[in-house]
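Heads up, the next two complexes both have chain A, just with different partners, chain B and then chain C.
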Partner chain A sequence: MEAHAATTVLHRDGTELLATARLSDRRVAWLFVCTGLLLFCVMGLAGLAMRLSQAEVFTLSPSWFYRLMTLHGAGMLVGALLAMMGALWFVLRTTVPLHVGRMLASYLAIVGGAVLVVIAVLLGGFAAGWTFLWPLPFDSFAAWRPWAADTFLAGMLLVGAGFFVFCLDLLMQTTAAYGGLQRALGISFLRNRDDSPPPPAAIAAMVVSIEGLLASAAGTTILVALIGHAIDSGLELDALWAKNLTYFFGHSVANLIIYLAAGAVYVLLPGYTGRPWKTTKPIVVAWLFTLLFVATAYSHHLYMDFVQPEWAQGFSSVASFGAALPPAVVTIFTGVVLIWGSRYRWTLASTLLYLGFMGWAIGGTGAVIDSLIPINFKFHNTLWVPAHFHTYLLLGVIFWAFALFVRMLEESAGQTARDGVSAFAVGALLVGGYGFVGAWYVSGALGIPRRWAVHPEGTAGYSLAGSIFVIVFAVGVLVLLLECLRLARIASVYRWDRVPASRASLPAVRDGEPLLTTGFQFAAVSAAALVFLGSFAPSITDATEESVRYHHLQHAAQFLVGLLVGAAVASMPAVFARIRRHPNFGIALVVAGPAVMLLVMLPSIYESFEGNDWVHLLYHLGITALGVVTGLAAGTLGLVTGRLVLVLSIGMALMYAAGATGG
Partner chain B sequence: MLRFGEPQVAIAIVFGVLAVTIAGAALVIAVHAKEDVPYDDVSRSGYRLRRPWLAFLCGLGVVAVGFSFFLLPYASGGGNDTTVAVSGGQFYWTVDPAVLPAHEQVRFDVTSVDVNHGFGVYDPNGRLIGSVQAMPGYTNELELTFDTVGEYRIRCFEYCGLSHHNMVASFRVEER
Partner chain C sequence: MADVKTGDALWKWILGGLAAGAAVLGLLVGAYAIGYDRGQNNAEVAVETQPAETTPPATEAPPAETTPPATEAPPAETASEADLVARGEELWSSTGCAGCHSLDGSAGAGPTVQGLAGSTVTLDDGSTVTADDAYLARSITDPDAQISEGYSAGIMSGAVASQKFDTRQQDVDALVAFVKSQG
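Up next is the complex of A and B:
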């Protein structure tokens, strides 16, 4: 059976994923993909319950409807994220030596966060939506308890921290494997300075990791600010600022799930076409544009906040349209070229993989239409919105997650899923899936608002139609899972824990470089630290008492002094030689340092010190010490990742200073 | 009772045609996927199409996004005969004045006294005109001209708590 596996399950020229994977790598992939799909199934049932209630088949109380809505949103985000993190990590492991321990730490943080979310929702009654828009978590009309809001926010903070750790490892190891930022992003290849560019999956990983770090930093800032308000109600936040940060975090992470998936697809598809997906210059250009557009498109969530600067609205419109070009012109287009005339090996896995492209394209089209501001005026927060994002997430990303899951089982079992069962499952998924989102598109055109427990009178029929299609989809998932169970049983007998026949040799990782590499850089950093040392001057302290924003800006400057000192010390040869061996400590500290710095910036804490100049000075020195620790920790992460972490850390302090208005 | 608005129907039809086209293309590609064509031939023909495809999409983007900038719903900042103060709170709307003139540009100054809400306006026939957010600490200005007299319904368009779906109000438009 093993001898025929490659020709039975894949294209005759395809390469098995599992053949060269270590047991630990396979276990990590199973862990992430299975957890993700389990969450998807449970949250899908929650979604069905909401649709049936809207269809008036039975009645969920508003409390339970909105609790399920909150759980469904957060849970689906975490489920799809976990599945696709596992997918990209697994396919990348053959070329980039990613760290198993850090991946497991990321898993524990994300799953731990999800558990807190479940506790907050089911036990505490939290129902502010996964978007936790300020100040709703604290303004519930006694619908949920304060501890529930705190627990939910802490849970989301953990999810963000877990994703941050994942992105850190991805960025550190990919830049180390390919020799720096420009090589790993393919820029050197683009400039004809590199004959052997990284594979497309590695370039995707670079973009996802950079964007993921930016999004997580924004998420940490808003979540810590909200937790700060929970601790000290004197800390008030600016609503527009909070909305920008919330959507920068939420939209970007949801969007990155697709790009994580795209990175995995670069490796999955050639298994069925027998044609390798090579890095070309258009692919590099496409990902560089994606890097720009993903970071700027989030603002379309604020189109109907007319006070958002108009230039930001316009730029977001361009970015939202532009973000569709790289997939349309490069990834999907190249996929078609690879598939056409390839004697494509149709199996259950490869069919789901193929159909995932279709879901991505159709859902993306719905999103692009909605990204035009005058059209958004007619569709904003109607059911058109969940229609289009369910099209590319449910019928795109989740199809791809199942494709990977089934492929691993088919490879393990050495045989494909049965044709008749596959056809039934795929048919049910297509009819159910497109019928389900179709009902939403029509409802959106009718102007039915989203996130309504009880829809406007006379519209329950659309929900009923949607519910029936969801049930058809669920039957498809059930049949698919039963077939997977059959494959798993065969795999457990024959090949489940087989030792790989051969293991691809991993590329050598270059030694990390210190943050500062030249005398000029040391001089510049020292000079900057001296300048910002002025933030300790008593006259500055007195002046910043005028406004909370200025006060927090002073703290940010003091934190920056610490960051610069820490970075300079970490770059000294004698120090760097010692700390470079402890990147795991470094990761833990760069996650905790900035968050703790924001958390201690509470009026109730620092105002109690203001009566005594020496104690006040000690508090400011404490902020600087947190900066020193963060700077030293960043020094363990290598030049690219460490510098980005420094920028993000001070960025978080500045963002926080900009948003806090009370106290 | 809700009814389909004309722009929404037109946009949904455009989307539907595009979606069916994509699905049709996927079917055609799936049929040809089973064939055995040398990769060099496929890539030569395929990549020859890529530049025109890119040019077409860029052109479409410039036209669509560029044209949309002339139709922005943001207030122009002048020439309003009537200004209406709109305030959202959990779970009610205050609209002052609540009777508005037809055929004149009206500016709604929309804000919130607590959490984020959404000011979604439906005409007397149940067609969604559009929406704007009501945000605490900010005032969003929305300019509309009503040509149909009757009762206009307001529905909340931003999730704001357990009675979000009950946050419904109305105002009247009459001939002056």
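Up next is the complex of A and C:
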């Protein structure tokens, strides 16, 4: 039976994904991919409603237009994120012992966050856009209720926390599986010190996890600051700082979806080519470029903000190209070379996989054009921008999500989707998809603004053309889903276990190391903790009372004392031997610890203590205690992940000190 | 390495580190104390010497005891004005004013403040008004009251609603002082 499936569904030398997957792997993959695609379908309808309104087919009030725009943006982000998290997790589980419980915790947090977003938008009327730019959520002109903004922000915070947990597990387990940071990133291979580099999917996973942790930390900082303002309106934020952090989070997460998808494609494509996708030095170099630059690429969203320092604009331009082009060019080129002459097995799934490269390339080109600063000044607030990101998300990432979905069904059913139906579905998706984004590219080049409920007079024709193409695309999706339903029925005849689930245990990995591994590190950390203990000096407290920034900086130093102490204690052999068995506890605490630390840094809280020196001191000790807890918790996560968490935790405190300016 | 993994001799490293940290902290505290004292002393010296320095030599030798009030007041006022402008600059950045109003005369969502103070502003109803302190303050607390020609009502009032400037007179004064400092 398996041999039959392998020759009809895949390339004759291809390996079935399901054959190597444990039952839990399959269930998690189905859960994530189905939830992601369901969200995509629902949010797609919201998008169609907006286009039809702009086409003047029916009238959507501006209030509802902006609500749907907010919902569509947040929902699509979450949908694509979930689908691709599930995809990469699924294809990595044969080589990396990723944790099912953490993945489900991540799912619950993200879906819970999405539910809060839906409540905020549909019941509370929140319509500030999914980018929640300060101070818009709080200046609604009564268009939405204050609780709606709070609920939306809490929802996005949960989404960020869920992604943070996913990235933590990915980083911990991948570094453990491949023996440390340098090996897992392929750096040892690059330096000719490693003959068996990790597969490309693992390198992509490493980059995604590190950058995802950075982005989530930035997101937590800005979201907690915004929630802080909702609680205490005396807390003022620097507008430029807020926009930087918002896009650091939002852009990076959206960007990382593509890299999650690319990681999955590295495993999916060889099933149809019969050739493995090997790690080469160009692939490693390309991903290292992304690692280096993707965190700073976000600020191309601020080209039009004249208060952004010029050096940041210049750096952002370089980073945008440095982060995006190398992996796209190398992946697409090596992918096409892999297909060339391989007798590629064309099925519905493999066709979508192949066409996803096209979406990535064309959308990427649109992004490159928009990244040029002089052109960005003309295009950034036009429909060119949604055109390019819909090209690589809709016609790239979503195509790949459908490719995985269809492949799992085809393997379960033991047969491919019917040729005629596949051709019709793919044709409709291509014509509808490219017609839809094409109408936007033209509209953008003509200067039609984006994010406007009502378009300039005389331009409704473009929206109408776009809407018609969306409907064609939707027909393609419908036909594809109906064919999937047919495959599912066949699979159900086999009770979904036509390909028996693997009973292999999770791959074994090396034991994790403590945060501090040498005597000198212990000495350095002890010295630093004692030096920063100086932040408790009453004269420092007095000196910082005049400036909210300096006062928050003092709090950050006190938190750092705790982090250092916690890290040192966690690294002591006797302690480490006990706490290393509780990484789940550690994950929960490193997520909660820094967020609570930021949340209690509200002027209305600490100013009430300033009248009494002892209570004030206790408050400062509380900040340090949160640091100790976070440091101890980081000690359960292993050397690489734990150290990164320590850096991010103090980074969050410093970022907060830099941006929260009033009180 | 072995000592760390087994815990042997770990405390020696930690105590060594603490000693090094104590030394660095001691140096920092010492430097701070010396600098702080010198700053205090210098400030006292400056206060003591100010009257002598600022006493005009050409005056008809006014009594020494009457000089200080006359000469101390202007520096105090200058310092206060400088503080106000500094506070205004901080608010300018933190409350997002810079997002719409430029300081260099370039166009934005709102009018530039370069050369605004004291100039004659044309309003959207065609009338003109002098941009004095009262006008500037009202433009902050009630932005829609008088809209400059070429701009729309509702934009700034919406953006600053959460700031509640009408209850923050000192901050408004600081912002006005900062705008006036821009020429």
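As a working rule, the second predicted complex is superposed on the first by the 646 of 663 C-alpha atoms of A that agree within 3 Å, B and C clash if a C-alpha of one lies under 4 Å from a C-alpha of the other, contacts with A are read in each partner's own complex, and residues count from 1 in each chain.
One rule holds for everything that comes next: a residue touches a chain if its C-beta (ideal position, glycine included) is under 8 Å from a C-beta of that chain, and two chains touch if they have at least 3 such contacts.
If you're wondering where the values come from, they're calculated on a predicted model, not measured in any experiment.
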* Overlaying the two complexes on chain A, which is it for chain B and chain C: clash or fit? -> clash
* To do: Scan A:L530 for contacts with chain B and chain C and give back first, second, both or neither.
  => second
* Touch check for A:Y441: first (chain B), second (chain C), both, or neither? -> first
* Which partner does A:A568 reach: the first (chain B), the second (chain C), both, or neither? -> second
* Asked: Looking at the overlay, what does A:G180 touch: chain B (first), chain C (second), both, or neither?
  -> neither
* Asked: Just chain B (first), just chain C (second), both, or neither: which does A:T517 touch?
  -> second
* Asked: Of the two partner chains, chain B (first) and chain C (second), which one does A:L240 touch, if any: first, second, both, or neither?
  -> both
* To do: Could you say whether A:T382 touches chain B, chain C, both of them, or neither, answering first, second, both or neither?
  => first
* Asked: After lining up the shared chain so the two structures overlap, which partner does A:G112 touch, if you call chain B first and chain C second: first, second, both or neither?
  -> neither
* Is A:D305 touching the first partner chain B, the second partner chain C, both, or neither of them? -> both
* Partner contacting more residues of chain A (chain B vs chain C) -> B
* **Doubly contacted residues of chain A, that is, touched by chain B and again by chain C** => 135, 139, 141, 238-240, 305-307
* **chain A partner contacts - residues on chain B that touch it in the complex** => 1-5, 7-9, 11-12, 14-16, 18-19, 22-23, 26, 29-30, 32-39, 41-43, 46-47, 50, 53-54, 57-58, 61, 64-65, 68-69, 71-75, 90, 114-116, 118, 120, 122, 126-128, 130-133, 135-142, 155-165
* Asked: Where on chain A does chain B make contact in their complex?
  -> 62-63, 66, 69, 127-129, 131, 133, 135-136, 139-141, 143, 238-240, 243, 275, 282, 302, 304-307, 310, 313-314, 317-318, 321-322, 324-325, 328-329, 333, 336-337, 339-344, 346, 354-355, 357-358, 361-362, 365-366, 369, 372-375, 377-382, 441-442, 444-449, 451-459
* Structure fact -> As the complex stands, chain C meets chain A at residues 1, 3-7, 9-10, 12-18, 20-22, 24-25, 28-29, 32, 36, 90, 93-96, 98-99, 102, 106, 108, 158-159, 161-164
* Can you list the chain A residues touching chain C in their complex? -> 134-135, 138-139, 141, 233, 236-240, 305-307, 516-520, 522-531, 533-534, 537, 539, 568, 572-574, 661-662
